[in-house]
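You will see chain A twice below: alongside chain B first, and alongside chain C after that.
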Partner chain A sequence: MEVHPLLQVQELTKDFGGLRALDRISFTLNQGESLGIIGPNGSGKTTLVNVITGFLRPTGGRVRFRGRTISGMGPHRIARLGLGRTFQMARPFYHLPAYKNLVIPLFSPRVRRLAGGRYGDRDAVAIDLLEEVGFERDSFVPFKPASVLPHGYLKRLELARALAIRPELLILDELFSGLSMAEVSSTVPIIEHLQAQGITLIMIEHRLRELFRIVDRVIVLNFGRKIAEGTPAEVMESEDVKKAYLGSE
Partner chain B sequence: MILLGMGIFLAPPYWKKVLVNTAIFGILALSWDLLVCTGLVSLGQALFFGVGAYIAGTLNHYWGWPWWVTLPTATVAGGLLCAGILAPVLRLRGIYFAMVTLVLPLMLVRIIEATKILGGTEGLSGLQTFPSSWVELVLSLAAFFAVLFGFRRLMGTDYGLVLQGIRDNDRSVLSSGINIHWFKAQALFIAGATGAFAGAFMTHTYMFVGMPVFALDYSILPIAAAVVGGMGTLAGPAVGAFILIPLSEVLRALGALRIVIYGLFLVVFIVALPEGLFPYLSRKYHQFERWVEVE
Partner chain C sequence: MFLGTLVYGIVNSVILALVALGFNLTFGISGIANFAYGALYVLTGYGVWILLNEVGLPLFLAAPAMVVLTAMAGALLYRVVLIRLRGMAISEVIATFGVGLAVLEFFRYLGFIGFEYTLPPLLDGSLSIGPVFLDLQRALIVIVGVTLTGVLWLFTHHTRLGLAFRGIAQDEHTAMCLGIHSDRVAMFSLAFGGGLCALAAVVILPIGTISVDAGYDVLLEALAVCIVGGLGSAVGVIVASFILGLAQTYTAMYMGSHWMMIVTLVAILLILTIRPSGLFGKQKELEERI
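Now for the complex of A and B:
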């Protein structure tokens, strides 16, 4: 049997009217790898995530997950295959306690399938998940309504929400944005722990220093094109990348 | 509570009828509010009401089915039919969904008028009614409270949380692998069945079903009740219906001015208490200090 890479993105293109947001992007990602996607604002990073996860339909090209074409499927079907994502803007269910926020993803058919047809006690699973992402159970943080939680906790709640469906591939869209230095350095070990569990990662990030500690490989986008790919050190040496970030001349 | 019960028993037949009406409209308002909890704003609750009314009327008129068969049949079939009719537009959000629901009952009326099916403009009359006004009253109130507490309990379950999650952030629910369209269809079925029950009940109460069941009144009243009582709380629209329907009966003596005063009342409510009566009262209740038993 042929062994497929976990994710194959082939010549992916997305047009918004006359604007080409993604221009023939291709890359592959193997099981257990961690990939960073960087690029200036408006370079198409979030569009790329939205196309991969089915929230947008590609204009051309395709995406395969474990060798199966997933481009064109609805977002909920892609998620069921094991592709989890976080959103850049954390918009939790504010009126609910933090752990009740996770009851909704724990209702996913994928969770039932992985548990052998049973859902189990969703509240208990939710609280465990929150503890994993650093909600202190002893000070009752998981039981506080999401509306009173500070931004750093909301970001981690968003991470826990994506983890609740037990993804094989996790796409983190600017998880670190808006976090303080202290919050970032406490979140990095959580992500490293996920890597140790064998979860494949795609991280979109502006905080390059932290990103480069985590990922093995980086893709650089600019105006919807992939302008560089390689290890963090290789990419930062590239002339094109310097131009994109610092401007030409 | 006992006094209220006594009052009901001693009430003249006219006010008993008003109470039945109130319960029916309360059920319809609850069905509207369930959709709101799922993020679907309907301007056409008359669709559910009318479909249920016509199913019950048709079954009773043409086949002579008794009311205790037509009521459950109209409830289930009405729910299925409404969910089926609206399934293609479930992907629409907000105002677009609302516009489609507004148009559908108006279209159905014209279809019945043009094709003269189901009694055409005359409607179907002489339908079977309940054995006594007591059965009618008890049944309508029981149904109203069953729907009210049933829905409130449903919204507290994990299933209900998913429905509310779709309202608050549908992308987040989608990315959890949950098919929001399927859940919305289920909510439509529940709301449709509830609305259809109200319509079917009304058919047997008045022994008549005709084109007015698709009238705009049945679309607007649930919304008005929800505005007065507080949207998305389920208890709110129930309270609202119990204020608005008796009020409109009291105002009946004023003739044409009735609508003006009724309208003013609504405007005052929207301006002075936009959150609605129920959220306001429950907020005030929690502001008072009181002893709470702690285990």
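Now for the complex of A and C:
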């Protein structure tokens, strides 16, 4: 049997009217690897995530997950295959208590299938998950509606919600944005713990120092093109990357 | 006299709530204002009548059969028409209103007009509450209304599909990335709305006659309740039904029944002036409006 990489992105292109937001992007990601995607604002990072997760249809090229073409599938089908994502701006179900936000994904057919046909006590699983991402267990926080939670908790809730569908590939779109230094340093171990569990990661991030501690490999986007790929150290040495970030002299 | 008016006022309120529940459910979940709602109501009425009088089915089969068929009609409306207009609110309204018009006027064209189009009551007889006599059909309406509200609450709060409904209602994108099929949930919302509408028709129509015009009236009543209560709010529907229902009945009693329709219209105008999003609707925050 042929062994496929977990994710193959092949010549992916996305046009918005006359604007080419993604220009023939290709990369592969193996099981258990962690990939960072960086680039200046407007370079196409979030568009790339939206195309991979099915929220946008590509103009050209394709995405394969475990060898199966997923571009053109709806977001709900891609999610059911085990591709979890967070949104850059936290998008919880504001009128539900934090833990109920997780009960919705815990009801998904995927979770039941992985659990061998049983859901278990979803409320308890939800609270465990929240604890895993740093909600205090013995407090009222998990029972408060998402609308009153502070930003730091909402970001963690995003992470927990994506984890609730038991993803094989987790895409984190600027998880650290808007978090304080202390919050970031308490979130990094949570992500390292996920890596230890074998979850494959894609992280879009502007906080490069923290990102480079976590990921094995980085790709750099600028104006929709991939301008560099390599280890964090290699990428930062690249002339193109310096130019993109600092402007040409 | 006062007590009698109160009892009939409550019955009238429950009728309004029953009529509005389905419309509100569909809107609350998928944001679709189903203007074919009145047509579905009348479709159920004539459907049951045909099954009873032309096909010869007993009532206890004809009524549930039409509830299921009307729910399917709602699903079909989404699958065939609305799926292609999704997200364009005005087009959704025009399309559903158009379908509703076509269905209602088709029944008129077929000649379904007259006093023979009535449904037999599901329950015969009457009971007395103190000095007030209430027929069992109206008592049944109250029981169905209260039960249905309870069942709906349990459904949306404690079942898989109910939670998916609430998820889609609150953030469609988030729900989709959790594996929820947004189009299927929207189709279910139309089907559930249609089914609730049919259930309302089956219990309410026996106390009057089935007519094409009832379709327009029901749509207007559902809209009035939802506008006053706040679109998409379940609590709003109940509160608004009681405000409008009691106000209508007392007005009819003490001022004459031709004033009844004015009550609804005045209520709509008042609420739109004071609080355009309705009593329990979500008003846009000031900064969002700028």
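In this section, the second predicted complex is superposed on the first by the 249 of 249 C-alpha atoms of A that agree within 3 Å, B and C clash if a C-alpha of one lies under 4 Å from a C-alpha of the other, contacts with A are read in each partner's own complex, and residues count from 1 in each chain.
What we mean here is this: a residue touches a chain if its C-beta (ideal position, glycine included) is under 8 Å from a C-beta of that chain, and two chains touch if they have at least 3 such contacts.
Bear in mind the structure is a predicted one, so any value in this text is a computation, not a measurement.
Chemist: Look at where chain B and chain C land on chain A after superposing the complexes, then choose clash or fit.
Modeler: Once chain A is superposed (C-alpha atoms), there is a clash between chain B and chain C.
Chemist: Of the two partner chains, chain B (first) and chain C (second), which one does A:191 touch, if any: first, second, both, or neither?
Modeler: neither
Chemist: Mind working out whether A:130 is in touch with chain B, chain C, both or neither, as first, second, both or neither?
Modeler: neither
Chemist: With both complexes superposed on chain A, which partner does A:110 reach: first (chain B), second (chain C), both or neither?
Modeler: It touches chain B and chain C both.
Chemist: Looking at the overlay, what does A:204 touch: chain B (first), chain C (second), both, or neither?
Modeler: In the superposition, A:204 touches no partner, neither chain B nor chain C.
Chemist: Looking at the overlay, what does A:63 touch: chain B (first), chain C (second), both, or neither?
Modeler: neither
Chemist: Quick one: is A:21 in contact with chain B, with chain C, with both, or with neither? Answer first, second, both or neither.
Modeler: neither
Chemist: Please report the chain A residues shared by its interface with chain B and its interface with chain C.
Modeler: Dual-contact residues (chain A): 53, 55, 74-77, 79-80, 84-85, 87, 91-94, 96, 100, 103-105, 107-110, 161-162, 164-165.
Chemist: Please give the residue numbers of chain A that touch chain C in the complex, ascending.
Modeler: Result: residues 53, 55, 74-77, 79-80, 84-85, 87, 91-96, 100, 103-105, 107-110, 161-162, 164-165 of chain A touch chain C.
Chemist: Which positions of chain A touch chain B when the two form their complex?
Modeler: Contacts found on chain A: 53, 55, 74-77, 79-80, 84-85, 87, 91-94, 96, 100, 103-110, 122, 161-162, 164-165.
Chemist: Can you check the complex and tell me which residues of chain C touch chain A?
Modeler: Per the stated touch rule, the residues are 160, 163-164, 166-167, 170-171, 173-182.
Chemist: State the interface residues of chain B toward chain A in the complex, per the touch definition above.
Modeler: These residues of chain B touch chain A: 158-159, 161-162, 164-165, 168-169, 171-180.
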